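Letters are used for the chains, namely A, B and C, taken in the order the chains are written, and counting of residues starts over at 1 for each.
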């Protein structure tokens, strides 16, 4: 994907993440009250398609957003440029997203 | 009489170092006055550029105490803390000798960003038969007017970290110029120009550090222009002209 | 890469640095975060065990730091989106200040909740 395409994905995922992070932060701040427990988290996420959908999209957006950002930093501060690095960053982003989706499924199916 | 301790970078493309000079301090003097004094009185072989010396041509731009500025418009009293000055050639450009840099890469990028006007009604470049009517208060004309005073001094280019970190990056001046033309309703090369300024070497590499806008001696806003280019390119995908 | 601080003191540059460094930290942390939460696959007991492991003061401090980084990166990101999509320029200095305030607030809230 071209520089302009990556920029667009970065900004669009940013807009989605801005909302998702606010929801996530609010959830954490409420959840951490009186201590955090697995039971509490799972009570919210088990069998809940909405949370699964939310966290899976959150993970995908975050994985891509982070990878595009790291690509810029690496390109500018380490001189890592070219198709090889681009492919590596895409892989890193998708791998991260996969880990997150795996966790979301885990929370859904636990 | 008080004196200034002035460190001037001397050298060429292969390298160099600071040379130190003691310059008589005067009540009203600019950094250009100081450099000129050094060349006339101490170092006849000092290479530096200036022309108008009144803030119109942009030739005298150099790094003064770590910031790119026009030396003819920089009063020593404003920048020399404790009478100490450090002068280097403009950053991000190849050095020819001492304080004179090679501006060719700067202008090459200007050309790569398609910074030349192409009349809409006559693709072969001939003068159109009729005057174009462009209301000065129209939003596009105001956007163009906000950036057309650029004299290509290179201060923004020298101040930009992305230029330093990304050799292909077109830079703030070239992109600012492109934006003025994108907003020129008489110009016929909009699509090609947006294509030329997009991507990793173009406007999408800008991270809005605003070093360009904060340092521009003419008070232009290249950072805002670059953001405008991003918007134009983004919305053009959906067929919206913004 | 050495950055001469003299020409880099304007608010927008500091905002860029904070945004970039917080993003870097978050991007490096994120896979760890996902991997740890993946413990949930092993069931409630495994997840609970992991959560108890994070109960130590050192880790709680790290978590506070992460929330602050997240808030800073979010606030900085909103600033960039406003600059790029809305074309805000003069007002952006105020946005930087607001971002800093928001970051502080979020960090404080987390601290308060951790203590509660």
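As a convention for this text, a residue touches a chain if its C-beta (ideal position, glycine included) is under 8 Å from a C-beta of that chain, and two chains touch if they have at least 3 such contacts.
Keep in mind it's a predicted model, so treat the numbers as computed, not measured.
Enquirer: Among the chains here, which has the CA centroid at the largest distance from subunit A's centroid?
Expert: It is B whose centre lies farthest from that of subunit A.
Enquirer: Could you compare the number of C-beta pairs in contact for A-B with that for A-C and name the larger?
Expert: Pair with more contacting C-beta pairs, A-B versus A-C: A-C.
Enquirer: Provide the C-alpha centroid distance between subunit B and subunit C, rounded to the nearest whole angstrom.
Expert: Once rounded, the distance between the two centres reads 35 Å.
Enquirer: As a quick test, compute the distance in whole Å between the mean CA positions of subunit A and subunit B.
Expert: Computed value for the inter-centroid distance: 39 Å.
Enquirer: Where the CA atoms of subunit A average out and where those of subunit C average out, how many Å apart are those spots?
Expert: Between these chains, centre-to-centre, one finds 14 Å.
Enquirer: Return the residues of subunit C touching two or more other chains; collapse runs of consecutive numbers into ranges.
Expert: 1, 20, 80, 84-85
Enquirer: Which subunit B residues reach two or more other chains?
Expert: Touching at least two other chains: 165, 207, 230.
Enquirer: Multi-chain contacts only, two chains or more: what residues does subunit A have there?
Expert: Answer for subunit A, listing residues that touch two or more other chains: 11, 77.
Enquirer: Can you tell me which positions in subunit A touch subunit C when the two form their complex?
Expert: 11, 14-15, 17-18, 21-22, 25, 28-29, 32-34, 36-39, 41-42, 59, 62-63, 66-67, 69-70, 73, 77, 95-96, 99-100, 102-103, 105-107, 109-110
Enquirer: Give the list of subunit B residues in touch with subunit C in this complex.
Expert: Touching subunit C: residues 65-68, 159, 161, 165, 207-211, 213-215, 221, 223-224, 227-228, 230-231 of subunit B.
Enquirer: Applying the document's contact rule, which stretches of subunit C touch subunit A when the two form their complex?
Expert: Checking each residue of subunit C against subunit A gives 1, 20, 23-24, 26-27, 30-31, 34-35, 37-45, 47-48, 50-51, 67, 70-71, 74, 77-78, 80-81, 84-85, 106, 109-110, 113-114, 116.
Enquirer: Could you please specify the touching residues of subunit B with respect to subunit A in the complex?
Expert: 162, 165-166, 198-202, 204-205, 207, 230, 233-234, 237
Enquirer: Mind listing the subunit C positions that touch subunit B in their complex?
Expert: 1, 3-8, 10, 12-13, 16, 20, 80, 83-85, 87, 89
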